[in-house]
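Next come two complexes built around chain A: one with chain B, the other with chain C.
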Partner chain A sequence: MAGYAAGRLLQAVALFFCITCLAYVLLTLAPGGPLSTLRANADISEEQIAKMTAQLGLDKPVLAQYGAWIGKALTGDLGTSFRTSQPVAATLSQRIGPSLLLTLSALLAAVLIGIPLGIASALRPGAAVDKLATALSFLTSSIPSFLLSLGLIFIFAVKLKLLPAQGMFYAGSPPTPGALLIHLFLPSLIIAGNIVGGIIKQTKGSVLEVLGEDFVRAAVAKGIGRRRVVLEHVFRNALIPVVTQIGLLTPFLVGGAVVVEQIFSWPGLGSLLVQSIINRDYPTVMGAVTLITAAVLTCNILLDFIYMRLDPRITLRIQ
Partner chain B sequence: MEQVVAGRQSADKTRRRQQKASGGFWSRYARSKAALLGLGVIGLEIVVFTLGPVLLQLDPYTLGREFNTPPGAGHILGTDEFGRDLLARLLYGGGVSLFIGMAATLIGMVVGLPLGLLAGYYRGKTETVVMRLADLFLSVPEMVLILVLVAAFRPSVPALTLIIGIMSWPGAARLIYGNTLTVREREYIQAARTHGLSDLRILSGYVVPNVVSPLWMTMPFHCARAILTESALSFLGVGVQPPQASLGNLLYAAQNIVVMSSRPWMWVPAGLCLIATVISINFIGEGIRQALDIRDNLVRP
Partner chain C sequence: MAEALLQISDLSISFGGGAGELRAVDRVSLAVHRSEVLCLVGESGCGKTLTALAILRLLPPEARLGAESEVRFGGRDLLRLPERELDKVRASDIAIIFQDPASSLNPTQTISRQLTDAIRQGQKISRRKAQAAALAALSEVGIPSPELRLKEYPHQLSGGMKQRIMIAMTLAKQPSLLIADEPTTSLDVTVQAQILHLLHRLRREQGTAILFITHDMGVVAQMADRVLVMYAGQVVEHGGARGVFHRPAHPYTQGLLRSVPRPDRKYERLNVIEGSVPLPGQPASMCRFAERCGFCRPLCRSAAPPLTERDGAFARCFRYTEEW
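Let's turn to the complex of A and B:
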């Protein structure tokens, strides 16, 4: 058990280094190099660029550069932004809270919508609720989230003036929890749309499968009420593959958040990543990628442990 | 509880109905109206996007004198802020998006099929390397990796196609790998080996034909995803770069609140076209799945 956990942890750490190294090498080898924007600026002389090249270690082999960069990164020094000249780590630490808040509310929304719909449509195949669930997963997989954002902003913010379309709080008024909730509503629902179809499909499939098991038949035969059979016997067992599925869907959750944050000007990591790519601010790009990767890998490990808690058979098999 | 049991019975019934599917691939595909509609829409789009600009003599780059005009006689879909004809840009951009979607799907398949095949057939070290690499790709957000690649290589249509295509290889590889694992143990493969056929001939003549059919089913879904990725990137301003048009960067205009609220002709047609395209492609995929009678147990977003 402990060995298995350590193995998973080791795997995640190895993945973390692989991904950050890949990103670092790609961004360093980019046509023109990281300093191409500075070169294009007439105010910066060749000597200044040469000095910066030496200062940033860009004259060394790329893997040595990565080694130096990751060494510093692990102590919390992610360099300075090309654009704002602020430390990247400070910018990131301001951005991580809003991003976590948005992604976790989206996850919560997706789970609260997806799991009940999945169960209901498995219990009554062909009924209205089943059709609704099928339509919802089809539509969410066919309408891109940025287009859905545009449409909903157009309806709820521009036409009906019911919901805000930008930021986390109303500009000029003090930040209150109520304002935050209103601002969270549209973006988190739209991000949830990215994964709700997958959750519905998986829940429905595994509930249908568990309903066919002998122990469910036995529970029914014993005369246990319908509620108890569904909640205690079916739901618990059907939940396990759903947790795995959520783990597989987290990359899509985060990917969706990147796009939606940018549209809603949400002050998170996703919008920072997009803006720094547009500005070719490589240290910030690298910092945001590192932090997002670390967050996704941590989330995968946490889900793995939840998975083991839910299904003792897995722990037994490992032992 | 009756409902639980009833639910099970009806699920069994649908399964049996699916198994009874008979006739050739095409007649089973044609049974679904949605699948036919999807095929019709995409076929029509291919014809209109390729022939339309030529026949109507429209150019997406000509700057006109009429700026921001609503749809009317001269310009059927109106003009944008540079006076460019929006019908021309829609037809041209639709073509670009459809091309990226289809080409990227092919690239993902061309990379993923052989890798999955080799991993499943030879097992051992090849298996470990290929499948761990697939895990690596699947465990980070695709969007983040694509953004890094886009930042490193300036986005152009060929570069975007290649990036989106290559990023979709793990799906194809996993599917082929899983099927190859079962097929390699079959008697006919052993028979082929005993006959002294080379690995290349066994793979191409015996394994590939027996493992590819699920891939046909996933191809439309990959294509739809590729189109969505391209349009999201272009919408964010890091995909297809203006003046070149794509469905995504036509929608870029709607990021401006004035354009969004008072000049809907600039973005609504491109948005509808994008949704219609993606829905049609998904219908085609669903039709192929039913025609091939593969149960929907594959992991896909």
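Let's turn to the complex of A and C:
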């Protein structure tokens, strides 16, 4: 168990280096650069720009730049923003809370909607619940979240004026939990939409499969009643593949958050990331990528352990 | 004869509707009396397992019961009992064990949990008392170090051990009827003998009646008081075990018995019943065994034979009728 955890951690660290390196290379491949806006300014001479380029280390080869960044990052120094000259770590620490709040509530919503709907549609194939679930999973999987965001903002914020269209709190009034919940509603549901279809389909499929198992028939034969058969025998066994599915869907959760945060001006990592990419603010982009990567990797390791708790047949061993 | 413990009458089970309807079980009637072992014999697909599952309404959802089907137990028709009432019967009166013990236990629950759940369903006792009963039941079925086994999960046990645990569940419940659906088919021969021995003891000590389903004539010889032979969804012969073994009436039963290897007769070619089972959709107006039968006459192809009495036993064959 401890050996497994250590092994997984080692894998995660290796993966982490690969992802950050790739991100850095891709970032430098993007047209323009951190100083391209300065070039447009007639008051700034080529000499000054060359001096700044050398100062920021941008004249070195890409891998050397990455090496310098990761070397510092490992000591805990994520550098300062090219744009604001603020320490990146400080900016990230302000942004991580809202992002976690948004993605976790999206995950919660997706699980709370997807799993019950999946179970209900498996128990009554062809019934209204089943049709609703199928429709929901089709719609949410086929409408891109930026379009859904704009549509829902138009309906609920512009036309009905029921829900706010941006931010975490009402501007100019004190931050209250109630205001936070109202602001969370639309963006978290839209992000949940990215993964709820997958959860519904997986839950329905695995419940149907478990319902056909011999031990379910044996449980019915014990006379414990349909409700207990479903809750104690079907549910837990059907949950195992659903957990895997959720693990595979976490990147979509994060990816969805990036888009949705931007649209709803949610002060999280996603919107920071988008703005920093537009500004070619390398240290801030890398800082955000670092955090998101670490979060997804941690999430996957945690799921492995949940998996083991759910299924006693699984013993975790590193390959 | 006293009223039977379990009386199945005209049980029909079909799949699919309209022209594609397949009748897998066709008007099967049988009775199990108190403390007796009735063996239901037949080859794969003859409908014996479906018959067993129908008793406790465990059929797959796509199976349809014939309108005249009836399963009477304790004066009630189980097929028409409300689910809640049926659950009481399932919990304490009729137990069932399945062919594959490995898949009959929930892989995510400990043995203890599954045993005590079964026990507490039959009798309302505390978890601790149920735990003690579970322990007693495990030692009863000869499981070594039962305290350890209770804490384990099904995948940690062997096949024979799992089947014993299934039987232990039954023991603790003390049902009046046990349905055993090929309980030894997936087990080693030595383990088979132990399981059969256990079932014998169950009948002797608790007076449990057993409906034993098998295709193994050797097992029938060891277990049965009475035998009922099914072929292509129908009962083709039933009678006392001794009679069926010594003077099988139906050509199919005769063929079955001839195809059992006899170690005392060496160098003899094993008999096979030529041909194969007819598809369930074939015309009802002929003997279903006709194509494979050595005695077949034109009569057998023109009408379906009735179950006919012969020396206190019954066979579905024209040879015992006036028309022959």
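In this section, the second predicted complex is superposed on the first by the 277 of 319 C-alpha atoms of A that agree within 3 Å, B and C clash if a C-alpha of one lies under 4 Å from a C-alpha of the other, contacts with A are read in each partner's own complex, and residues count from 1 in each chain.
Simple rule for what comes next: contacts are C-beta pairs under 8 Å (C-beta built on N, C-alpha and C of every residue); 3 or more make two chains touch, one makes a residue touch a chain.
These numbers were taken from a predicted model, which means no experiment stands behind them.
Colleague: May I ask you to decide whether A:K51 touches chain B, chain C, both, or neither, giving the answer as first, second, both or neither?
Modeller: In the superposed model, A:K51 contacts neither chain B nor chain C.
Colleague: Touching A:R124, do we find chain B (first), chain C (second), both, or neither?
Modeller: Only chain B is touched by A:R124; chain C is not.
Colleague: Using the superposition on chain A described above, determine whether A:H233 touches chain B (first), chain C (second), both, or neither.
Modeller: second
Colleague: One more residue to check, A:K72. First (chain B), second (chain C), both or neither?
Modeller: It touches nothing on chain B or chain C.
Colleague: Should A:V220 be classified as contacting the first partner (chain B), the second (chain C), both, or neither?
Modeller: After superposition on chain A, A:V220 lies in contact with both partners, chain B and chain C.
Colleague: Would you mind checking which one, chain B or chain C, touches more residues on chain A?
Modeller: B
Colleague: Of the partners chain B and chain C, which touch A:I195 in the superposed model: first, second, both, neither?
Modeller: A:I195 contacts chain B only, not chain C.
Colleague: Scan A:Q245 for contacts with chain B and chain C and give back first, second, both or neither.
Modeller: first
Colleague: If you stack the two complexes on chain A, which partner ends up touching A:P312: first (chain B), second (chain C), both, or neither?
Modeller: second
Colleague: With the touch criterion stated at the top, can you tell me which chain A residues are shared between the chain B interface and the chain C interface?
Modeller: Shared contact residues on chain A (touching chain B in one complex, chain C in the other): 212, 220, 225-226.
Colleague: Give every residue of chain C touching chain A within the complex, in rising order.
Modeller: So the residues of chain C touching chain A come out as 53, 56, 58, 60, 83-84, 86-92, 95-96, 98, 100, 103-109, 117-118, 121-122, 153, 155, 166, 169.
Colleague: Under the touch definition given earlier, write down the residues of chain A that touch chain B in their complex.
Modeller: Going through chain A, the ones touching chain B are 15, 18-19, 23, 26-27, 29-31, 122-126, 138, 141-147, 150-151, 153-154, 158-159, 165, 194-195, 197-198, 201, 205, 208, 211-212, 216, 220, 225-226, 229-230, 234, 245, 248-252, 254-256, 258-259, 262-263, 273-274, 277-278, 280, 282, 285, 289, 292-293, 296-297, 300.
Colleague: Give every residue of chain A touching chain C within the complex, in rising order.
Modeller: Contacts found on chain A: 212-215, 217-226, 232-233, 236-237, 310-313.
Colleague: For the complex, give me every residue of chain B touching chain A.
Modeller: Answer in residue numbers: 1, 3-5, 7-8, 10-11, 14, 135-136, 138-145, 147-154, 224, 228, 231-232, 235-238, 251, 254-255, 257, 260-261, 267, 271, 274-275, 278-279, 282, 296-297, 299-301.
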